[in-house]
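A single structure is presented below for examination.
Chain nomenclature is as follows: A, B, C and D, assigned in order of appearance, with residue numbering initiated at 1 for each chain independently.
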Amino acid sequence: MPTQLFAPLGAAAALLLSTTSLQAAGELNALIWCDHADPALLAPFEEAHDVRVNVKEYEGTAAGVTILEQSRPGDWDVLVVDAVDVGRVAAAGFLAPLPEGTVDTSSYFPDLVMEDHNSVDGVTYAVTEKFGYNTLAYNKAAVDPADMESLGALWSGKYDGKIAIYDYYLPVLGLVGLQAGIDTAGLDTAALETIKEPLMALKAASRQVSDVVASQTALATGEVDILIGGGEWLTAVLNAENADLDWTIPAEGGLLWAQSIGVVAGTEREELAQEFIRYITSPDGQARLATSSCYWGMPANAAAADVLSDDEKAILRWDDQADYLARAQLYPVPDAETDAAMQDLWTEMLQN
Amino acid sequence: MRPRLGSPLAWIYLAAMFTFILLPVITLVVFSFQDGRLPVPPFKGATLDWYAKVLSDRAMMEALGNSLLVAALSAFVSLLLGFLAASGLARVLLPGSVLMRGLLIAPMTVSYLIIALGLLQMFNQIGLRPSLLATGIGHVVINLPLCFAIIYAAIGAHQRNALRAARDLGAAEWQVLLYVAAPMLAPSLAAAYFLAFTFSWDEFIIAFLLTRFDVTLPVEIWSMLRSGLSPETNAVGSLVFLVSVLIVVTLELSIFRKARK
Amino acid sequence: MSLERQEKRHGAALVAPALLWAVAFFVLPFAAMVAMSTAKMVGREIVPGPDFGNYIRIFTEPPLTRAIFVSLEITAIVTILSVLLAWPLAWIIATRVPAKWQRLALLLAVLPFWTSYVVRSYSWALVLGEKGIVMNTLVGLHILSEPVQIMATRTATVIGFTHFFVMLLTLTIYSNLVQLSPNYARAAEDLGASRWQVIRLVILPLTLPGVVTGAFLTFVLCIGDYITPQILGGNNELTLPQLIMLQLGRRGDYPMASALSVVLMAMVTLAYAGCARWLKMDRV
Amino acid sequence: MTADVRIWSVEHRFGDFTALHTVDLQIAAGEFIVLLGPSGCGKTTLLSIVGGFLSPSEGRVLIGGEDMTLVAPKDRPTTTMFQDYALFPHMSLEANVGFGLRMRGVGRRERREKALEMLDMVGLADKAARRPHELSGGQRQRVALARALAVSPDVLLLDEPLGALDLKLRRQMQLELKEIQRRVGTTFIHVTHDQEEAMAVADRIVVMNHGRIEQCGTPEEVYLSPRTLFAAGFMGEMNRLPVTPEGSGLASPLGPLALAPQTGALCLRPEDIGLEGDFSLGRARLSEAAFFGSHHRCHFTPLAAPELRLIAHLPQGAHPEIGAEVELFARNPIILPEAAA
């Protein structure tokens, strides 16, 4: 009997040995959003530098910061984070300064350089890499596109039971705020009181509060027709399947999400990390990131236009960006207290 | 009780329950062949593309290897510790042995989430990074009670006397365990190992909270689920299912059938 | 040293590694968690307690309190439903299915065990969706005029759970049933009991320990599970584990997550105390 | 191969309960000793102390002159044959019998030779490759004996070894045990509660009760001259009458008896009561009789004490008639003091 027990052990040990021996010369540890986990994005960099990029996904800046707090210096090399949160994270000492000229932003969409957000006291800590919108995604076949010109349609009763809420508090609270006439920048604890009632009404009118996949499933199968908080990042991957899935920025406006990438303070592979950032912001990296398997999004570097196909650019609505950018507002940037209040409100909404 | 092919009600119930039980797996497998982006009806035709995609998915294959590794090793450690503890407690009445048994069994009555959260915090404090090692430690915590209980229950008066006889005939401690206890309890040891392996293989929340890059299969499937709807998820699930069933049927036909004779 | 002492020393040496493991990786982490639950989150800082603010919040703030009730309700429904569905199934397999097909029937009844747990919940999402098999069939057979929403409701969560636990309970109850001597039923019938009376007065009480053990395991596993409600429940209500994961994943609020876990643990302990007299945990 | 055993003032307590009260016993090398007594009398405790499974609370155990009190079982020159035989189910008979030698580092070939020799001794050489579960109860018992003797112990301890066998087989095994013991010369200490078995195998019987040794002697001594009421009763059937001195004779419920004056219990074996004998027991009525082959087993109701019952073995040729009144006689009277308790 013992020999029978040892057999799987032997196999396991052999497997362990084989996986370690396969490991590349170097490693780069990146704390990222799920779009960076796409092998199609990482492979060219890994091959060019003979390194292995280890990625760990997180959601929400607070959770990311917790992971950094619990790590030791050198555990992480690269961080992807909400552009609006770069200042907070840098102030907490988790980001290393990016030397002048690490990334050439001359070919960026001017609105997306976001120097204000990516730097603290004149020191740059990160660069923008990708952006998009949290607005309304809907099914053209079931929803009158004209209705989608106003956020108010969601509260009109016409689409009750056919709405899904994207399960991320910042953009959705931002959108509910816009509907109530509050700018994202003005979303403080007092404003949260104001939007509480419309938020609960929205929950009552909606069928589910769901993450990316559940939202996609629900939209694709016709269980819901509208997703508040959705956008091109959600419908683009489904485009081939169901061309009726569309998105728009209503009259009240939409939320602009932008993600930045920076080097984590304490890294022992600073040069490689910078090299990775240069790759991600290069036209090729940008094109791959824009069409990553987890979600699509506009590249911050307009030079990616040369690499992306016309079809891809059409799905991303490359040519409409000027208009969209003009109408979209940045994510709310809550302080710790407001953030807690927002999350409490969100929990209350889920439990209602 | 003699089998009576009485009322058809029983058979209708049986059929209904089997439908309920098997429906999701059948759906899962059928739509893993879906020739389209969405694994929901209508069925658009069959393709093996998704299987090809899974098998060429580096992260998925590594997760598979990690899962095998963690399951094999953690099940072995659980088995070893459980076996030693069961032989110890079955051998002499130790002071506080009820308490000891209670402590060894206790993790069985605790939600995995709580075990995971506790370990996460403790590992943070002592500076052990989330890793396969951390996950394996957690899996031993949940599987040790299982192995201990199974083996302890298998040691009756007869086994106890045989162990005594072995010591009386001059066997050293390790010889008693290796030459007498282990072979005598082989069916229970095999069952315990098999169960522990399965539990570790399928465990999600501990692995989710206690790994960083080298994740296990359930965690990888979970992140795949969260990053997009795709028949690829069906394909992974079907592969795991078919391979497991194959192993179970093989075991059923070989070892366990033999053991029952 | 007396021979008994030597024996005890040997026995203790054998038990020691497992005990050490249990203390180091079960008791200590749990203690750490209890300590953490009395700390407090101020901004991004964790301030050590003791401070019972987290517990006070859990029992006074409706969104948090509700999670306890949601969890309890779902778990109670699932446990009862699973027992009710599994007992007849186990009984039919044990008594109606010819002996040589019983192993096969049992194997079939637990077949979905062998899919990955995560995938099992996900596959219910495919089945229960508005375009899924169930709705297609029901509408196709004109049993329903139009699809009903099951996905993203508590019903979906309950179905997903029940599916899993029916398998578990069928196994435990079946093994309990086949261990009963057929002479119990024969004796009862001989003494004039009807078939129904035999089941109700003899077989059912004799399987009670197995049922309670299975039901308790169902309770523990169900109340602590995150995956099933997360995938099937559509976030329309939060169970305790979902709330805990929300504290961890979104906020990094370890003190609150720990306090919620201690509450979860307390509920399981209460359930254990409630059915302890029927439970033989070390003989599962 | 054999050694004497000396048990010196051994006492054993389990918590408050005293299982053995200061037991002293000397066993000569090569002796076949039987510890006899009802369950709970302390005989198994004593055996466990000799085997090294328990250590005495007080006193010492010497085997072959060496103090073994605190030596573990595996290091003692003793082996035990367990009541349920404790054969290893996963090993062949040969491997079972050779196990002790294997533990002593004996080479494979020598082990095999010895194992086959031992199996041959118990008549199972042809089944060496079988597993224990393929054997009958008696065969398993022989294997257990062979296994225990294979390591050539000085002392073999047998814990109710024949308890699980049926009567016929038990009688046969008793003979075999005795024969083998004589052949190997090892000291045997055998525990049983069956007095017939004790008489069948023992050189000396140790009668035990309530943690004490009541009597120790050859079967004849213990049977014919019991030293205590308990020993008298446990070694076979016994009629008991309370007696007190009266003049030059004895007063008893049956009336005066022509025996030397003494206080105690008059003990008479059934075969010592009959229609003739050394002294009269008065008249009695035959109330029940059964034919046992070698004798008739008869119940008599003494006319003087109708509440009593005397059991007598009448010879084959007697033709007892129920209801008949006869005068009973007895011989070999033993008068023992009533137990204090």
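The rule is simple: contacts are C-beta pairs under 8 Å (C-beta built on N, C-alpha and C of every residue); 3 or more make two chains touch, one makes a residue touch a chain.
Since the model is a prediction, treat every value here as computed from it, not as a measurement.
Asks: Going by the average position of its CA atoms, which chain sits the greatest distance from subunit B?
Replies: Result for the farthest chain: D.
Asks: Which of the two pairs, A-C or B-D, is linked by more C-beta contacts?
Replies: A-C
Asks: With centres defined from CA atoms, tell me which chain sits nearest the overall protein centre.
Replies: The most central chain here turns out to be B.
Asks: Where the centres are mean C-alpha positions, what is the separation of subunit A from subunit C, in Å?
Replies: 35
Asks: So how far apart, in whole Å, are subunit C and subunit D when each is placed at the average of its C-alpha atoms?
Replies: Roughly 58 Å separates the two chain centres.
Asks: Distance between subunit A and subunit D based on Cα centroids, please, to the nearest Å.
Replies: One centre to the other, that is 88 Å.
Asks: Which residues does subunit B have that touch at least 2 chains other than itself?
Replies: Only 40, 183, 186, 225 qualify.
Asks: In subunit D, which residues are in touch with two or more of the other chains?
Replies: 52-53, 72
Asks: By residue number and range, which residues of subunit A touch two or more other chains?
Replies: 217, 221, in rising order.
Asks: Taking all chains into account, which pairs touch?
Replies: Touching chain pairs, listed by label, come out as A-B, A-C, B-C, B-D, C-D.
Asks: Spell out the residues on subunit D that touch subunit C in their complex, using ranges where they run on.
Replies: 52-55, 70, 72
Asks: Which part of subunit A faces subunit B closely enough to touch in the complex?
Replies: Per the stated touch rule, the residues are 1-2, 4-5, 8-9, 11-12, 15-16, 19, 29, 34, 37, 39, 54-57, 70-72, 75, 211-213, 216-217, 220-221, 237-238, 240-241, 293-295.
Asks: Where on subunit B is subunit A touching in the complex?
Replies: 36-38, 40, 57-59, 62, 65-66, 68-69, 72-73, 76, 79, 124, 127, 129, 178, 182-183, 186, 189-190, 193, 197, 212-213, 223, 225-229
Asks: Show which residues of subunit C lie in contact with subunit B when the two form their complex.
Replies: Counting only subunit C, the residues touching subunit B are 4, 7-8, 10-19, 21-23, 25-30, 32-33, 36, 85, 88-89, 92-99, 103, 105, 107-109, 111-120, 122-124, 126-127, 129, 131-134, 136, 163, 166-167, 182, 185, 216, 220-221, 223-227, 231, 241, 244-245, 248, 254, 257-258, 261, 264-265, 268-269, 272, 281-284.
Asks: Give the list of subunit B residues in touch with subunit D in this complex.
Replies: 157-158, 161-162, 164-172, 175, 179-180, 183-184, 186
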